[in-house]
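For clarity, chains are labelled A, B, C and D in written order, and residue numbers in each chain start from 1.
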Amino acid sequence: MKDFFVVVIAVMIFIIIFQIAKASEYVSVLKGEEKSRKQNNKINGFMLITFLVLGLIGAWYCNHLYYGKTLFPQGSASVEGEEIDTMLYVTITITGIIFVITQVLLFWFAFKYQEKDNRKAFYFPHNTKLELIWTTIPAIVLTVLVVFGLKHWFLITGDAPKDAVVVEITGHQFSWDMRYPGKDSVLGKIDYRKYNQPSGNSLAVDFEDPASWDDIHVAANMYLPVGRPAKFVIHAQDVIHDVGLPHFRLKMDAVPGIPTTLWFTPKYTTEEMKVRTGNPNFVYEISCDQMCGQGHYSMRGTITVVSEAEYKKWLSEQKPEYFTLFKDKDPDANKATSDTTKTTTVAANMSAAH
Amino acid sequence: MSTTAIPAGTKWWNGGRSPFNSSYGKVMMWYFLMSDAFTFGAFLISYGTIRFSVNDWADPNHVFNSFPFAGHANLPLAFVSLMTFILIFSSVTMVLAVHEGHKMNRKAVEKYMIMTIIGGLAFLGCQAWEWTHLLTGEHVTLMHDGTLATLATTVKSNPWGVAVPHDQVLAALQKTPHDQLINIVNSLGHGGAAHHDAAAMSHDQLISTIQAADLHVNTVGRPAFGSYFFGITGFHGFHVFSGVIINIVMYIKTRLGHFDQRGHYEMIEKAGLYWHFVDLVWVFVFLCFYLI
Amino acid sequence: MSQHTISPEITFAPDHSGGTKAIWRTFIILSVLTVIELIIGLAIYNIHKGEHPNATLVLGFKGMVCILTLAKAYYIVSVFMHLGSEVRNFIMTIIVPLALFIWFIIAFLWDGESWKNLRNTNGGSREYKPATEQQHVVPAKTEGKKD
Amino acid sequence: MSSVASTHDVVSHGHSDAHHEHHHHETFISKYVFSMDHKMIAKQFLITGIIWAIIGGFFSVIFRLQLGYPESTFPWLEDILGHWAKGGKLHPEFYYALVTMHGTVLVFFVLTAGLSGTFANFLIPLQIGARDMASPMLNMLSYWFFFLASIIMVSSLFVQTGPASGGWTIYPPLSALGDASLGSKIGMDLWLVAMAMFIVSSLLGGLNYITTILNMRTKGMSMTRMPLTIWALFFTAVLGVLSFPVLLSGAILLLFDRNLGTSFFLSDIIVAGKILPNEGGSAILFQHLFWFLGHPEVYIILLPAMGMASEILSVNSRKPIFGYMAMVGSMFAITILAFLVWAHHMFVTGLNPFLGSVFVLLTLLIAVPSAIKVFNWLTTLWKGNIRFTPGMLFAIGFVSLFISGGLTGIFLGNSALDIHLHDTYFVIAHFHIVMGVASFFGMFAGIYHWYPKMFGTYLNNTLAYIHFWVTIIGAYLIFWPMHYEGLAGMPRRYYDYSNWESFKMFGGLNEFISLVAMIVFAVQLLFVFNFFYSIFKGRKVTTKNPWEANTLEWTTPIRPGHGNWPGEIPEVHRWAYDYAKDGKDFIPQDVPVGDDESKHH
């Protein structure tokens, strides 16, 4: 019933507007075309300048309302992202100045030079000097922006520092899985044909590769140590996803068949960010930024940034996936060997199995 | 190349005439071919991109080494060269038809159009043979699971990976299930009386028969190879086919004297442009699939 | 020659007086180029058959084939399609847009190459060549196929 | 004089006999349905485009309801959408279908076919002085292929599994795998077939536009005397003819991947627990192919609007357009650059960093010709004698929006910034302003300006002013705040943000945007009403040249027949922008140059 009323009211508003419009057209016909044109000119000229003034105030007000909700007051959570913030501020300042100047000129000219009886338009078809000036200036400004941009682009797309924590992150509809390389710092091979072989091998790890035996598989939440570079190796299993890390100012697509990477250095732990943002529920979120199907909006992962000590402790508590899938190989279950010889035993077991 | 003197002081761009001294139809045909070149270009560039993005690709000299009625002779590039010459020659007859058209020589136009049509049909026939050969010819291949199986070249399967050393083939044979062995034995040459009863042979007999054949086996290649080969040659073949249809229509119109009534043979010229374009595309398809 | 003016947009009849000589000459050129291409193709085949294929030599040969192909394309377009005898401006409107292909090809192949690197190193984390790559041995002289 | 005119009469119309035949026995079918008159075809494109715009706009209203009121239900939605909105709550799958169709419809069917289809058809022969297009037959086919594409696209809305839902960019593997999404089943095939038809249509149209402009200009209409609209439409056609084929290739390959088991874009895929045999393809390759079209497409949409805005600004400022050659040159530069910059849509796909840096350079180069155009428009207004006709207002609005949206392009073209802003609401705001709303403003400007020529009546002025003011205010209210959402990293194409700690604080803003969007949509309906009402009941045009413009279309009769000029086609003696010259308000192009006239052009 409510909907019905809404429709009726909308239709009535339509009819009223239309009647007014029709009436005003009759009036203008009576007044004569010339006169009504002048009247329209006056009204619209005034509207244009009002629009400019209110628009600029509105832009300021909008900034007032929403600046606090963007990521900038809290600063970048990654070291590399700081420079992106700087670049953004520089670009906003430059484009902002151009924006204000051009919009003011546009509406001011429109208002100022509206049709008047005694005014004659000025025949001004071209002026080479003027045109050269406004070709050169944008070109110079853009060069500056490009140089800064590319410098930073090469930094973040370049190789990660050697001491980086490597984490593999795999997207599939509609969640994220993470894999740590374990003690040997080398990720085991992935072969999509090995999916669910043995059963439970959801990441399609090739367990014939010894490097995979100490790899740790965790779901949805990733741990990273603060202050140390982290490098992601990004996979996708089904469709293209995207690892979106807004707080770290980074993102990278996850493409089936083509591994991609990104790296950054977390600057604040999650606990520190809770204080910085004043939000006790704060959490670093991984958003999927590439349309991936109907659950796209719910493909959420999280990152917990902790101190180096906490990270080490957490890591040591994780059990390699190899042992959960091949229970007979698990030294903890067999209670046969000590921690230090674990890897070699595993290797021996493997070669024996072959 | 132009030998005609362009009248002095011609203001080509001033309106009232074609700046290119061409009828709108011909200009339009040229720009259509340009856009079609981008379609083909996109296909071929995609193919190149994929080739650049993988470590191994089927070697054309191994894939295309057969000739009709030549049995198993290893004749790399022979058949495709024949196809190339057929197409080049049909281009020549086409350009001769256009040439005669300028002279309003209807009989000669008819003759050359017939020859062009025959050339086109011959090319299509060759392509049909080649496709059939690839789609039905089965090759023993080392599968991903470590067994041997027979594969044909289709859009989904590709037996043209990298060569497998002999000892690995022997190891793989041991892992291969019985029914796959039977398939392999059946695929070993036609005729050989010993193979008739493969189904009845024991496992070891099968293996020794295969060992005796001294097979040269490849790993499974990228399915993308077949996808691109059949996709692009198919799209080209479709162009040849439509070119033949257009030429047949042009031939009929010539015979009925439509162009004589119209006073010019420009339609033949436009059909010719299309036909040469098909030839041009083949030059690049030939390059991309067979030569490099 | 102008007894059959095609349409009033045309102010002078294009020149078609040249006999069929140019056509046959082009045919011969095309045939010769194709034969050279075939020879190079077979040369590449034989290099591949050798013990240690010389990659640079193969690349050089492949480059030559590409150039020959462009030459063939030039003759087809210029003589068979009569583009050579069109008005210069017209030729330019055909050639200039085709120049877009240069960047089109470079960018695509470049990115293809970089996908290969990403695949082979698992995103730069380790050498990650697939098993088939390590056993890249000489193809056999007769094929393991029977029809 | 007369002998000259009579020869070019024939010249500009290579098929003059056909046109005379048509005059005599025109049935309803040949006049309104299978018409070969470019003006009628233009109207067909326009009206089909308007219908599509209503549909596409309505889609956005529905999905904005979900975004603005994620907690509420709307029982009436179930009445119109059936199982896609059980209990009045939009199904996520259908939400994505709506998003996809909104993009597809507005980008291709409205702003490509509806915009350049309409105005290229209408203006090219009229402004260059031709009786019709080079090939009226192909021109007619162009419309009917578009119509066919429309029918197929509409039919995809009604299939059981819903229309395509992978985004208008239809990236595989999502769009290639029926198991990955409901919309990737039959709906996706229909989408691809419809687009193939659409590409044929745009090709037939584009070839015609190019050839007509080159070959059919009337005597004296040299290239540098053409109005900027014609230049813009010419470059648009060039962009279309060279870039759409690449999308066609991509679409064909994708169709094969979907239906024949090929591996063009697929490799290493596990979907719904199944391991697919495809290997060796690359999903990113499709993006390259798509954006090789997709980026020129942006300018296919934008250039006609630029051209028409230039023309309308000049006419209504009563001043020549400033820097005509610079305008042409910058459009040419934009056309070339449009082909070279496609991968700036792909900075986060794992693109080779060095390759990426070349794309950054080329991309930011586009800002230079764009800046030139803006400054030239501003200078055109300067010291003019401006009449605020509705068309003029929309042209000014176009410039304003082009500035606002263009400047944010500098952020997105710079790869390091793009990494942060990519696929967020910042992108949505950017392209909606610069190519969505701005092009719509160009289109509205064109409609208001040439409506008298099309239908012989005026649109209602009051409604037009209401339309303008609500639309421009609404557009800024909708899209300006979205930049802030983007700066907060809020991803686009999300059905619901309420579970995200990082993005849920924008709920109030989303609701506000949805509300404004609905109002703006309602006002567009007012325009549509005005459009159709005025065809029949609008104030009649009583003078040949109501805007006192210079271009040739205003020398035809008020309601020109097929063939445009009843007698000879006028000869052109000057460029299109002799306003305020030598103390004369305007000098039409067909007026010979007087002896005492000051020299310029």
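In this section, contacts are C-beta pairs under 8 Å (C-beta built on N, C-alpha and C of every residue); 3 or more make two chains touch, one makes a residue touch a chain.
Since the model is a prediction, treat every value here as computed from it, not as a measurement.
If you count the C-beta pairs in contact for each pair of chains, which pair comes out on top?
Of all chain pairs, the one joined by the most C-beta contacts is A-D.
Give the identifier of the chain nearest to the protein's overall CA centre, each chain being represented by its own CA mean.
D
Mind checking the centre-to-centre distance between chain A and chain D? Centres are C-alpha means, answer in whole Å.
28
Can you work out the whole-Å distance between the CA centroids of chain A and chain B?
Taking the average C-alpha coordinate of chain A and of chain B, the gap between them is 46 Å.
Averaged over CA atoms, how far is the centre of chain B from the centre of chain C? Could you give it in whole Å?
Using C-alpha averages as centres, the distance is 15 Å.
Could you state the distance in Å from the CA-based centre of chain A to that of chain C?
For chain A versus chain C, the centre distance works out to 42 Å.
Check each residue of chain A and list the ones that touch at least two other chains.
Those would be 193, 257-258, 260-261.
Provide the list of chain C residues touching at least two other chains, using ranges where the numbers run on.
In chain C, 7, 9, 97, 104, 108, 111-113, 115, 118-119 touch at least two other chains.
Where in chain D do residues touch at least two different other chains?
Residues 7, 11, 14, 215, 242, 267, 279, 281-282, 284-285, 288, 292, 350 of chain D each touch two or more of the other chains.
Mind pulling up the chain A residues that touch chain C in the complex?
159-160, 166, 168, 186-187, 189-190, 211, 231, 233-234, 257-261
Note which residues of chain A are touching chain D in the complex, please.
Chain A residues touching chain D: 3, 10, 14, 17-18, 20-22, 24-25, 28-29, 36-37, 40-41, 43-45, 47-48, 51, 55, 58-59, 62-63, 65-67, 69-72, 81, 83-84, 87-88, 91, 95, 98-99, 102-103, 105-107, 109-110, 113-116, 119-127, 130-131, 134-135, 138-139, 142, 145-146, 149-150, 152-154, 156-158, 172-173, 192-193, 195-196, 204, 237-240, 242, 244, 246-247, 249-253, 255-258, 260-261, 279, 281-283, 285, 287-298, 300.
Spell out the part of chain B that touches chain C in their complex, as residue ranges.
Checking each residue of chain B against chain C gives 1-4, 6-7, 10, 12, 17-24, 27, 30, 34, 37, 41, 45-46, 48-56, 59, 61-62, 65-66, 72, 74, 76-77, 81, 84-85, 88-89, 91-92, 94-96, 98-99, 102, 104, 133, 136-140, 159, 161-165, 168, 187-190, 215-219, 263-264, 266, 272-273, 276-277, 279-280, 283-284, 286-287, 290-292.
Quick one: in the complex, what on chain B touches chain D?
Interface residues on chain B, with respect to chain D: 11, 13-20, 22-25, 27-28, 31-32, 34-36, 38-43, 46, 49-50, 53-54, 155-156, 222-228, 230-231, 235.
What residues on chain C touch chain D, complex-wise?
7-9, 97, 100, 103-104, 107-108, 110-115, 118
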